[in-house]
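Have a look at this one.
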Amino acid sequence: MKQALFVGRFQPFHNGHLDAIKRILEEEDRVVIVIGSAEENNEPANPFTAGERFQMIEAALGAEGVNRDRYVIIPVRNVKNFMLWTAHVDQYIPPIYKVYTGSQIVRELYESYGRYEIAHLDFNFEVHGTSVREKMLADDPSWRDDVHPEVVNLIEKWKGVERLKMIA
Amino acid sequence: MKQALFVGRFQPFHNGHLDAIKRILEEEDRVVIVIGSAEENNEPANPFTAGERFQMIEAALGAEGVNRDRYVIIPVRNVKNFMLWTAHVDQYIPPIYKVYTGSQIVRELYESYGRYEIAHLDFNFEVHGTSVREKMLADDPSWRDDVHPEVVNLIEKWKGVERLKMIA
Amino acid sequence: MKQALFVGRFQPFHNGHLDAIKRILEEEDRVVIVIGSAEENNEPANPFTAGERFQMIEAALGAEGVNRDRYVIIPVRNVKNFMLWTAHVDQYIPPIYKVYTGSQIVRELYESYGRYEIAHLDFNFEVHGTSVREKMLADDPSWRDDVHPEVVNLIEKWKGVERLKMIA
Amino acid sequence: MKQALFVGRFQPFHNGHLDAIKRILEEEDRVVIVIGSAEENNEPANPFTAGERFQMIEAALGAEGVNRDRYVIIPVRNVKNFMLWTAHVDQYIPPIYKVYTGSQIVRELYESYGRYEIAHLDFNFEVHGTSVREKMLADDPSWRDDVHPEVVNLIEKWKGVERLKMIA
Amino acid sequence: MKQALFVGRFQPFHNGHLDAIKRILEEEDRVVIVIGSAEENNEPANPFTAGERFQMIEAALGAEGVNRDRYVIIPVRNVKNFMLWTAHVDQYIPPIYKVYTGSQIVRELYESYGRYEIAHLDFNFEVHGTSVREKMLADDPSWRDDVHPEVVNLIEKWKGVERLKMIA
Amino acid sequence: MKQALFVGRFQPFHNGHLDAIKRILEEEDRVVIVIGSAEENNEPANPFTAGERFQMIEAALGAEGVNRDRYVIIPVRNVKNFMLWTAHVDQYIPPIYKVYTGSQIVRELYESYGRYEIAHLDFNFEVHGTSVREKMLADDPSWRDDVHPEVVNLIEKWKGVERLKMIA
């Protein structure tokens, strides 16, 4: 089974992430989705817990018909030290052979690590977690267009926008 | 979907764990398997990494025909403070309503936590991780009877017994 | 004995805090004053050590005639994880039945925790630690009006304003 | 006000501790009682939380007629590094001029620190936390003679002996 | 042998640092150079690893003809608590009798610590790590004038300016 | 310049370590001596601080005529996670091309890391830190034969044997 890695903080899980995972699954048997900064929560840049991000990913992928055996989701806390970060992630995951990333820093870290193939993802969707959170804070309803309807439902159920405003 | 929690260190994943999960799945829609002490590895009491334990669980459940959408596996590092432990686990997992455990301490922690139903598991198999590791160290080949054949294969591939002897 | 919780960082202990504690003591037998972020010190937002904050509280309450058996002061370090914070505080304190707070976040954390009554404090005094520190940095002498004269004495003895300017 | 330091883990608070505090109060205005290893709990050597130890100390001293303004109790987590330990405690406490201790290691640490007078305590009572816990584990009822009756009451209320046996 | 301490983060090692060390060596037998915040790296304020900073210092001092037995370099991670910082550094270094510093905070910490002589350094060079990094980010080539040519070589070899831009 | 790594805890620095370094220097330009578990001190298995171990190494190598530009000494705290350990050390050191070790675990970690040549050291001297400390505790004066006379002098100056007995 060919497994590849995709890492994000998923604050929240948005359409750029969703599109990336779908495209990875066109090439690979299974994607190992690592939820980064797993223990950060209820902070302006990290409003959702790892458990909530887990639910967002499952809800969106499920609604899109992605079979549950095509992905695993593994939350990994941050170590705040780039020299240790790739080895830290490695202790948590099943064997992968390739890393997909749209981030220059992640690509350079894995190039320096030297253990996996690296594939560049040029995101189709112009969505970033930062801008989604900024829209939420600015009462710009278009944040709902940036995430899957199932993710909208979860965020509204959790009163996520109110939470973000309170902690901002 | 009714989801229940099952926590273990899975050093290694043995037939007692496997039997417990099967019995939980007779009652529940999905089991949330938390790999405890996820960052402990290469120690006498914790020889395997979280990633390796992830593979053991998937290999055994897969060979037993358990569908991949009946369980999720979430590695969680230890916090070494029982007063914080249940809240620490909660930040990592999707919503559960019930905890299955054979451990008196885990049961009392969740009773004190007061958020979930608790079900007592009386293990059918007389297997403990400690005794499996002791057999490995003593060159007692009967450790192979305590774990699923797929787990035997993985441990042999990783030279797990040699590793355990080296670090003991 | 009816004990209630009041949490603050007390950087510094100001008249809003003092007023809140007096009002709590009109209702309760004893107030458990938790000094939050106890290990933060000599930082712009946290200039004073836990030991210094302890002295400010005792000096002000003592001068106001609050009997020493009406309050205890317990310093608690920060855990930087709201999911763990209430359980973390609980391991440090004697039994309480109620939480007094003027903070929306603290109120929501304890509502989610579900173990204690919660009382909303609408501060009489328009004082915030942030504004007191800003006045100190701006050489605005009116910061002395925001804290008890005994607290002024302590801060001057410690050269607290000079310290704050140096670390800012 | 002459304040002196007395440090212990108080697992549990026993008659040796109680006697030491009484004798210190014959000499000093107030004793600063530091609960060491404050975040250790539910472990064989540290069965009780800081909050429970706080209650034991207050219950025993109160029953013995020690006025509440003669002592403060400050819980301090362990740093596991003797080179930092005295400075770590200092950030948590009001000003002291003297340290009372019956421990050779604590005495040497404060001698090396060089900031306070040091007084040797030769305990009247032959009681140690370790032996009290061993009696509890061995069902030797004489542990009740080693602690104050108010502490017995608390430990029984918390089912402390059962807890200790479970975690041992 | 008279040994004195000089502490910096050396992000990067610049001509102000170099000049300070040369002047210290006019007075002392050996300088103990502590690389502070040793585990911070690949961050905007801390782009270089401790190992890279070690190399910058050796390269510059070597090219300037400073004999290798006139200095030692000891990397020390940050503890983010000024109350513990001097004791934390002390556990890492050989015996010193004096501290040279141009920083008001460092001087006050060691005055409070009270164990060493303190010498004020008024830097000849108007160079600060912050301004060097700002020049790098602004593509202002004059950063090369602020550091020794050997340091320029190392930073270019490591593509340090590109790294800084990426992480900024 | 060919630089090679040699890692030890040096509790204390004994003749086996000394012999190993001399033999490494027959092959290499410079040895990078990493003091492992740098922040452990005043514990039974780690009686000496990193600063003291630094002095032992310098004293012995100096007395043996090893030039100061043939070695550097870098203290590195423990991370207690073998998966991260090699990357953790790497952030602290100048570039090496080879690792010398007599430890099976260290060899396997660096084989797995895959970045450096590895050379096996079969120690000439039958000395281990553990046995030296056991001799000290047992008042067996032959520990003096296991370490260099300069190291004996330092340990006696620090009352190291008395310290070890006190903390044991």
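Going in written order, the chains are labelled A, B, C, D, E and F, and every chain counts its residues from 1.
Assume a contact is a pair of C-beta atoms (placed from the backbone, for glycine too) under 8 Å apart; a residue touches a chain by one contact, two chains touch by 3 or more.
Model, not experiment: these values are computed from the prediction.
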Target chain E, source chain B, minimum contact steps: 2
Centre-to-centre distance between chain C and chain B (centres being mean Cα positions), rounded to whole Å: 43
Length of the line joining the C-alpha centres of chain B and chain D, rounded to whole Å: 38
Chain centre separation (chain C, chain F; CA means) in Å: 48
Distance between chain centroids, defined by C-alpha means - chain A, chain B (Å): 26
Sites on chain B at which at least two other chains make contact: 39, 41, 49, 81, 83, 90-91
Arrangement of touching chains [line / ring / star / complete / other]: other
Every chain pair in contact, whichever chains are involved: A-B, A-C, A-E, A-F, B-C, B-D, B-F, C-D, C-E, D-E, D-F, E-F
Complex contact set, residues of chain A against chain F: 79, 81, 83-84, 86-88, 90-91, 114
Touching residues (chain side chain E, partner chain F) in the complex: 38-39, 41, 49-51, 54-55, 58, 68-69, 72-75, 77, 90-95
Contact set on chain B toward chain D in their complex: 81-83, 104-105, 108
Residues of chain A defined as touching chain C within the complex: 39-42, 49, 166-167
